[in-house]
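Some structures are shown below for you to check.
Each of the next two complexes has chain A plus one other chain: chain B in the first, chain C in the second.
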Partner chain A sequence: MVALLRGFYPYAIAILIAFVMYKVMPVGAEKIDLGILQINSFFTKVTGAIGIAIIMAVSLNIVNGYTGQFSLGHAGFMAIGAYTSAWITHYGSIHFFGNANAMEGLFTKGSALFVASLLAAGLVSALFGYLVGLPSLRLRGDYLAIVTLGFGEILRALLNQTQPVLDEFDIEEATRGEIFTGLGGALGFSGVPKYSNLFWVWSVAIITVIICYRLKQSIHGKAFLSIRENEIAAEAMGVPTTHYKVAAFAIAAFFAGVGGALFAHTLGNIVSPNEMNYQRSIDFVIMVVLGGMGSISGSVIAAVALTILPESLREFSEYRMIVYAILLIVFMIVRPDGIFGIREFWEVKWIRRLFRRTPKETHAP
Partner chain B sequence: MALLEIRNLNVHYGAIHALQGINVTVEQGKIVTLLGANGAGKSTTLRAISGLLRQVKGDILYQGRSLFGRPPHDIVRDGIAQVPEGRGIFPDLSVLENLNLGAYIRSDKKGIEEDRERALTLFPRIRERLQQKAGTLSGGEQQMLATARALLARPKLLLLDEPSLGLAPQIVLTIFRIIREINETGTTILLVEQNAHMALQAAHYAYVLECGRITMHDDAKALAESDAVKKAYLGG
Partner chain C sequence: MSVLLDINSISLSFGGLKALSDFNLLMNKGDLQGLIGPNGAGKTTCFNVLTGVYAPQAGEMRLDGKLLNGMCCNQITRAGLARTFQNIRLFGNLTVLDNVLVASRTQIRHTMFGTVLRSMGHLREERALHAEAMTLLEVFDLAHLAHETSRNLPYGSQRRLEIARALATRPKILLLDEPAAGMNPQEKKLLAELILSVREKFHVTILLIEHDMCLVMSICERITVLDHGVTIAQGTPQEIQCDPKVIEAYLGKPMESEAI
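Entry: the complex of A and B
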């Protein structure tokens, strides 16, 4: 695990890129005029959504792509992260700062609380990932998919039953139980402090990509892949398959939890049980399948494309979901293994050929 | 003391009594073969040794200690590597990645590299294909890869499940030559085969398994000469 975090520069560069994005992209009524394109705050919003989609798709790839398990509950982990962190920052801000929205903005005391809530969201979600991963030891394929689907739906039903969110005045006379279950019910968790922005989203997104890529390159990554390729042979090589299958769920859930936490604290997003239903899980599965099961760069590209696509198809209004679906079907017919299969884009032959400078050698017969 | 001793091994698949109390002894440094037709229980025996099969009765002693109740990845660490039936390679991974996974249980980088070099010297065909996807190899090459991969675990005991399955006669000859070479470097081999002719030539000792029972066992040379074996397995 330590090896995954080795080296300072990749992470420093990730944070720098995120900071530049945060500074450059317009907020509110600001605009950047590029002549043909007017970049406004809507672009900023989509860029944030892309970052979160990358975190979700790349992390789901560990379970569905590397390990070959089938999870349909990724939005459930996202919800756990979103609610855990929202609860911490909302009630934490009231407790420490007196008001839920007092400390918004980059690098305030609120940011410290926010970072702590991101970690807590990841850890709580990983714990649930571990529990949901346990059935994967006995179930596979469709059956496992149903269990993970059930997990997401049970979670949604439970969150619908929670109590209203308490503000700084209600909290004075509330019992501990009321504070603990004050998650907003079916209406959603309103008034989550908007601590997140492009800096946090893209820092986490790029760091997630780096860690998942290093994981794939390591012997642990090969062990995940060996389980997907041939579980019996993997066991015969001495790979503790049960350990890895549960670990895959826990690691993926960790990142999904953090992704959910970032989502919850972004301006304009609603944290409600119905926002994180199975439809959203399926969206993430589509990104993984389209990009290529096991390909990190494929997941990134699919996450970017499938976030932009519905936005850019808005002019087709009600037909856009049909266009979206047709594009997906055509794509899966043309490239059934996803864009890159299990490889990264720089490892794929047809792309290498595009960049080859010297003409192909001719072999004597 | 024998390296591996199977005592009164019984395996049931539902109502089917697949192994009915077999006894097999594998001496250190030898090639021992287990012959038999389809469904005789050969692969079942191997799966019981490597821990892939859990519901078994009797006892399996390895270096004097029982292997029962231990998970497969633990048994590999003790020096028993299996080449599963049908090769069991990882088709979407490269040949090199397949080999590296063979050394999963080890962390001595230098030793792994030496052993990989040694395995590639045994199988030069594999060396030419290191960067290729394992699924694109021919059947014979896949068998070579699976065997080379098992060697990277640096096993004391190598379990081979039908290495000749579905291969051209020329390739089978090569594979058996290499099996003997592996044995000469000190690795004990338990070989399960349908190809009795090849197996009896390569092995030191042989057991004949029929419908879950050991019906004959003797030195491989003696068994190759016996009338019963000639008639049933060597075609007259």
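Entry: the complex of A and C
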């Protein structure tokens, strides 16, 4: 019983934190006045974007960070999740509730459908992750990067060729094939019910972080790390490297799929398949590299910083991307291993020195 | 005396080069055997075949009666054959303790779902394996370095950690590939004692490749000598020391003028 509680209470806390965030952060015309800072719904939007960035960066860290494989297809998995869940909630809402509008309130029948679509998005994406992970058994480094890049681009090209989205009136005379391929083509999937909010995004984000952290601390997680450190030695120590590499891809793809699903339900439409091109994959890779390959807290901090930075540099208008790029270059020169390297921020020596803690290790099993 | 490892006429060639031809080796439980030979004789190739890096082109390998042919590296390790490497291959960025824990993964029964949900199996096994890893490190005098990044260890400690890590897979047979390379005489002496005590404590059978004749002759019970992939002698250290073929392989033939 105690063990059961130990297993689940962090997840419960995660959901609680997300609920508080959902209640506190303003929506629509609401505002919180903090004197120096006026928090309006723009902050809420950015907070949501940060949550999704955390999901994506932390999950990509499993492949690129822990296992040391180089994947450039993370946005592809995001797209799979986004389209799968959008298809389920859009056509599901029409089928069950008659129209594709989101229901009011946090816990409704609509949200149940939404949660189911999140899970489905994750599972479909994980299946694709498994399939894309298979070449990783034979390819490494740049070659694998090209395969994953190709996967993302093929997917984008295919999504561009799909049929228009059907609404509740069109659907009556549509064939099954038309419904199945009604993903919006180059115009994007419009009319996705807006179920996503800070509660769902941050519940998933914190749960993702907990799962990834637990994996990293465990012996299973160390098997991932051993592959990155020395594959031959890992194999000689009885680690089934093929199994772990494919598992890494599948787990990362699962969370990316859920992240994409949350993303699709935030704006209420997927603007275009081109939104999830390799550029976006590279954004996530930058977050992982900047935070430190294998450091979860590093990925989280990088995801937060790299989402806020372009927003806060908005005043510089066109120059902001240049400033952003220069900051990245400077950072990589100063700290080539990323902010924290392979460790978490509380394990890093220079942070410990900062807080003047004794370097005594407190490592609990 | 039960036969643990039975290698029956293994052969392997790379193109036209015969790396190993008709290699035989019989190891009983508790044996400590040596494998020696000049550079390029095929000793490490022999280890690579045994651990599944290369598949032998002919012959059979049996561990405890179980056929090893066709298994991949990790399956062979889990079957009970662990090795160390000639050029140290630690998981450099991981701590000393984590290096051992990765190897102890072979004993894990719970799945990744168990890990994520902190199941009873996960907690019990992790706790047991952590404790076991620490005892192992104590035996190798590395316990005080458990949380040090393994890359930063001194050379001798890295060598010891490799042996500790191999033992954490709970092998029946331990293959040591030049454990004394780069050590000074003092360290070599300690290593010899360590190897003997490891055999006692962990009940493993040991096969060792070594260039240091002092070490090999003092601790091994039987020695196999390879030259150009061919087994030229097999026997006790005394027999090997007097074997004319061995002397020839290491020192060359006597000059003809002397022979006359």
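Just so it is clear, the second predicted complex is superposed on the first by the 344 of 365 C-alpha atoms of A that agree within 3 Å, B and C clash if a C-alpha of one lies under 4 Å from a C-alpha of the other, contacts with A are read in each partner's own complex, and residues count from 1 in each chain.
In this section, a contact is a pair of C-beta atoms (placed from the backbone, for glycine too) under 8 Å apart; a residue touches a chain by one contact, two chains touch by 3 or more.
Bear in mind the structure is a predicted one, so any value in this text is a computation, not a measurement.
When both complexes are superposed on chain A, chain B and chain C clash.
In the superposed model, A:Val334 makes contact with neither chain B nor chain C. Looking at the shared chain after the overlay, A:Ala247 reaches chain C, while chain B stays out of its contact range. Residue contacts after overlaying the shared chain place A:Gly238 against chain B and chain C alike. Legend: residue contacts after superposition of the two complexes on their common chain; A:Ile342 is shown touching both chain B and chain C. Looking at the shared chain after the overlay, A:Leu225 reaches both chain B and chain C. Within the superposed three-chain model, A:Leu215 lies in touch with chain C and out of touch with chain B [touch as defined at top]. Judged by the number of chain A residues each one touches, C leads among chain B and chain C. By the touch criterion defined above, A:Phe8 lies against chain C but remains apart from chain B after alignment on the C-alpha atoms of chain A.
Contacts of chain A with chain B, set against its contacts with chain C after fitting on chain A, overlap at residues 219, 222-223, 225-226, 229-230, 232-241, 294, 341-342. Interface of chain A with chain B (complex): residues 219, 222-223, 225-226, 229-230, 232-241, 294, 341-342. Those residues of chain A whose C-beta lies close enough to touch chain C in the complex are 3, 6-8, 211, 214-215, 218-223, 225-226, 229-230, 232-241, 247, 251, 294, 341-342, 361, 363, 365. Across the complex, chain A is touched by residues 50, 52, 71-73, 76-77, 81-84, 88-93, 97, 100-102, 104-105, 149-150, 153 of chain B.
The touching residues of chain C, when paired with chain A in their complex, are 51, 53, 72-74, 77-78, 82-83, 85, 89-94, 97-98, 101-106, 108, 112, 115-120, 122-123, 125-127, 129-131, 146-147, 165-166, 168-169.
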